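You will see chain A twice below: alongside chain B first, and alongside chain C after that.
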Partner chain A sequence: MPTSLSTRVVLYFYGVVIIFLLYLPLVSVGFASISKARYLSFPIKRYSTKWYGEAVQSSTVSELLTTSLWVAILVTIVSIVIGFFGALAFARYQWRYRTLFQKLILLPIFFPQTVLGLALLMWFNSVGVIPSWKTAVVAHLVWIAPIATLIVSIRAYSFDPALEEAARDMGAGTWTILREVTLPLLMPGLISAGLFAFLLSWGNFPLSLFTTGADSTLPEWLYAKMVSGYSPLVPTLGVMSVVGSFLLILLALTFSWLIRVNRESRTTQKQKIL
Partner chain B sequence: MNALDRKLGFLSSLPLTILLLISFLAPMAVVALFSVMPAKVFSLANAPDFSSYSVFLSQGYYKSLLWSLGMALASTCILLLLCWPLAYGMAKVFGRFTLVITIAVVMSLFVSENIRLFGWVLTLMKGGLIEGHWRAFTGNGFDSPLYGVGIIVFGLVYVYLPFMLFPLAQGIAMVPDDTRQAAYDLGATRWQVLWQIEIPLAAPGIVVGSLLSFVLAAGALAESKILGGQAVIAFADDIETAFTFGQNWPLGSALSIIMIAIIGGLALFGVSKVDLDAIMGRKR
Partner chain C sequence: MSEKAFLHLKDIVKKFGNFTALDGVDLGIHKGEFFTIVGPSGSGKSTLIRLLVGMDDVTTGEIHLNGKRIDQTPANLRPTCMVFQSLALFPHMSVGQNIEFPLKLRKESPAARRTRALELLDLLRLPQEYYDKRISQCSGGEKQRVALARALAFNPEILFFDEPLSALDYRLRKTLEKELKDLHARTGKTFVYITHSLEEAMVMSDRIAIMKDGCIEQVAVADEIYGKPVSRFVAEFMGEVNLFPISADAKGTLLSDFLLVKNCLEVNVVPPNAQGLLMVRPEYVRFVNDGESYDFNLSGQIHGEYALGSRIQYEIETTAGIITVEKLREDRLNASNGDAVTVGFNSNCTHFICDAI
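So, the complex of A and B:
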């Protein structure tokens, strides 16, 4: 039964309302970041960008950004490598403990992250590792590497193993096949897994809280200022972090769109020649 | 071919398995061991003792556990009602608009939970986005809804919406249009179609979505801290306090183990009911 027009209109409207509510708090943060007053109250009387100027010049801010960036970059690289092999074990090869492996990697994703962070803190303590931003990389990986694996797996499910078998029949070794056949086929999955890994690590707070030791990431600093002692820099840095993430997503979407357009135009050209 | 598959499968699972052994399973073992140590020690070289578990009962920690589970249950039920129409639209009605909603919802996930909850504080506080403008417009303000149990549940609903929405949409997409059409042709009412056709056929999505949002909400802490002003203490908050201010690792570990047992049990139950290969789109 086709849905009636009135139902369709109501559903579309509902969707728009939900998206609006999803982003409403960010609108407030955005307004707060350009308010001139030190103590915020709406409606905002005077606007100014001075907090952005202060944020850019502050050495604390640049330290926070450097730490967050290093953690996110390392997490991204390791997640892509682990996700590539993990996805092959998850989706491609038929091996004995495959279903067990699938369940094992789901556990950390379900796990309460604060408790995971505390457990890691005790673990680092009992093996004598002093927490710093490097241990935070490990903590992020426990949660993010399984997610990256799932994302690459979706891609790995959809490719035809006959392609690998053909390469093997023509005498290619395992490494050659991985490099020349599997890697290019999984590339789109690896890129989106990398993007997810970077963004999830960049925004993560509960895992960093207990595992960074004396270092601090941007979300940790924001949280500390939120629960004790408001700083006008909180909304400013919040907006900067969000805009940074969205620019990265936009860049990735444009890039993948350009590749698709390019590929389509090449195939149509080939068809014309034929 | 099969022998080769077995070998390669095992080898390629190694990096992730080793990572999880060292930094997930081993820490869990340490937590389990610490939970049976005497109070306030920082090493494992002590005689085992179960005093931390009795503290859970005697000091009223079970109350915060019940609050956490209750709020998680409430937010899961609200999410189910709230997401059903939208998920239905995404699966059956919207077409291209589904992609817009998907991208918008996924993008919101990349914004740190802190910033989004803090945004709600700015929106709802006295002199915030809503109340401030309302007062400037009409001349009289109203009390802020912040700092209560209701707003914590609201925060949980807000933060975990994507985890209900996407599995639900996936589940509803699995209901064949022909079956619904046939039920209508045989004279079924809208409610009969919903209860006897759509809900049973979309059950895998409902189960996965409900489990995910319940489990995540039960372990949440930022909502009660930032929005709730600690009107109610979340269980995860008790765990954190035992470790940090209390400096009592065995107590924190015992509380963690209780939470892990509840959440892990639910998660394992859910995972064992679901065929991952089918959900993630095996084509062979």
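So, the complex of A and C:
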């Protein structure tokens, strides 16, 4: 059924308004980051990129980025591993307590993160672990690993179990099946799970706040500076963080696009030889 | 059970918890045979084939292949291969990579693998350009051929088929049935095929086994299964059939309330003191014209007429219930519903199923 003119107008209007409301705050942070003034005020009178220069040179910033990066990278790697095996248990195999597992593994996602952070902090204290960025990795994982599991599970559900059986039937052992069949088929799910894990960890504030101890991640520092002692580096770092995330997504998209193009060109090349 | 059977199943029992899926299956399959296992869904045929290729373990019983016991051998070490219902072609590999998969596992050189894959494409009548096609670019029939080529590349001693044609449309299925039979003849391999379709079984098989509730009901060539079923279940499973409860006294005289029998002692179809069902297939029942004489006669009215393509099916309401009659389209009766007719059949077209009520 063709969409009527009035419906289309309403839809366009709705879309534009929503996107405007979503991105306007980010844009204003962008403007703030290139203001020359020391304090945030609109309208901006003089523009300058000097804060970017300072951010690049600042040792605090590089420390923050290193901490955040380490946390995010470790969370990503562990989430992918847990997500892969978790998804197989979640979607691929039939076992007795599967429905219970499916419910329990999703529970942490719906837990308020502040409560989760507090609970983890108390737990770390009671078992005698001194909080640092390493405990934050564990805290992030409690929340992010279930999400990664869920993302890989969606892929695993559309996976015909007969594929693994067929491979076994033709003589493949367990590791060969994993390498040749299961992993390649779940790869798109693993890539998007990894992407999600990295970005959710990179931007996470409530869990980090409770569990990093003396260390500080980027979102924590941004908050601390907003509360006490505003620095023009805040919007600058904010923009850098957003741009970094955006570049990562772009990188992942390019990567998957390259794989596809490479596959297709290989196919056509061989066809030419024939 | 012949001792020289190539694949020999001895008293196979498979239980899932309290449920008995297979209840003592004995079967012998010969080398080079096209053997089909037919049964309705839930009869245990899929369970049986999974045990044979090693995807499930037998609860009790033995499987011997070529004299060697294989029921404890894991699936990846058995010299058997299966074409799955879903075909299980790897979507992330090209047609060529799919066919070469079993060869790659055997560490054959890329050149040898390619040569063999192209040979198999030829054998399955697929153009060589298909070597580099993606699985998603193939049609249903082409996928079937790729799955077959892959299974043949494995070079199994026995090739199993788990209803691979069931998802295809009628015309394509008919074509592939014949191709499969032809392929069987050309390769000389042992094919074991399971299906719920009697037609598929009849077209392709050397021998057929009928399964019901986890047991084998009958094993025989297609004609015998069709013409001489051992039970009511087999008779009804193998297509339209008319069954009459019948018995004979100690002298062999037929005792029947409704069948008009010409001469009870001459018509020697039921052994003395036996009771059971008298079977006659619809195509052997005739409309009786004046002056004609049959061993068994029944009168009634036409109840319905159905066109089955090349044949016409009539349902005749008689004192013995509804009788099904089939005639060729060219012999179509010039009559309408409610017309009185007499139908008859001769004893040499009947089969007696003992005790099968």
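Quick note on the criterion: the second predicted complex is superposed on the first by the 259 of 274 C-alpha atoms of A that agree within 3 Å, B and C clash if a C-alpha of one lies under 4 Å from a C-alpha of the other, contacts with A are read in each partner's own complex, and residues count from 1 in each chain.
We adopt the following convention: a contact is a pair of C-beta atoms (placed from the backbone, for glycine too) under 8 Å apart; a residue touches a chain by one contact, two chains touch by 3 or more.
What you are looking at is a predicted structure, and each value in this text was computed from that prediction instead of being measured.
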### Task
Figure out whether A:M226 sits in contact with chain B (first) or chain C (second), or with both, or with neither.
first
### Task
Applying the touch criterion given at the start, work out whether A:A162 contacts chain B, chain C, both or neither, answering first, second, both or neither.
second
### Message
If we overlay the two complexes on their shared chain A, which of chain B and chain C does A:A193 touch? Say first, second, both or neither.
### Response
neither
### Message
If we overlay the two complexes on their shared chain A, which of chain B and chain C does A:V71 touch? Say first, second, both or neither.
### Response
neither
### Task
Check whether chain B or chain C contacts more residues of chain A in the superposed model.
B
### Query
For A:I144, is the partner it touches chain B (first), chain C (second), both, or none of the two (neither)?
neither
#### Entry: Residues of chain A contacting chain B in one complex and chain C in the other
165
### Query
Considering the complex alone, what residue numbers of chain C touch chain A?
53-55, 74-77, 80-82, 84-86, 88, 90-92, 94, 101-102, 105-106, 128-129, 131-134, 150, 154
### Task
In the complex, go through chain B and note every residue touching chain A.
1-2, 5-17, 19-20, 23-24, 26-28, 30-31, 34, 42-44, 85-86, 88-90, 92-94, 97, 101, 104-105, 107-108, 110-123, 127-129, 131-133, 136, 158, 161, 180-181, 184, 212, 215-216, 218-222, 225-226, 236, 239-240, 243, 249, 252-253, 256, 259-260, 263-264, 267-268, 271-272, 276-277, 280-284
### Message
Touching residues of chain A toward chain C in the complex: what are they?
### Response
160, 162-163, 165-173, 176, 180-181, 184-185, 267, 270-271, 274
### Summary
Interface with chain B, chain A side, in the complex: residues 1, 3, 7-8, 11-12, 14-15, 18-19, 21-29, 31-32, 40-43, 81-82, 85-86, 88-98, 101-108, 110-116, 118-123, 125-126, 138-139, 141-142, 145-146, 149-150, 153-154, 157-158, 161, 165, 174, 199-200, 202-206, 210, 219, 222-223, 226-227, 234-235, 238, 241-242, 245-246, 249
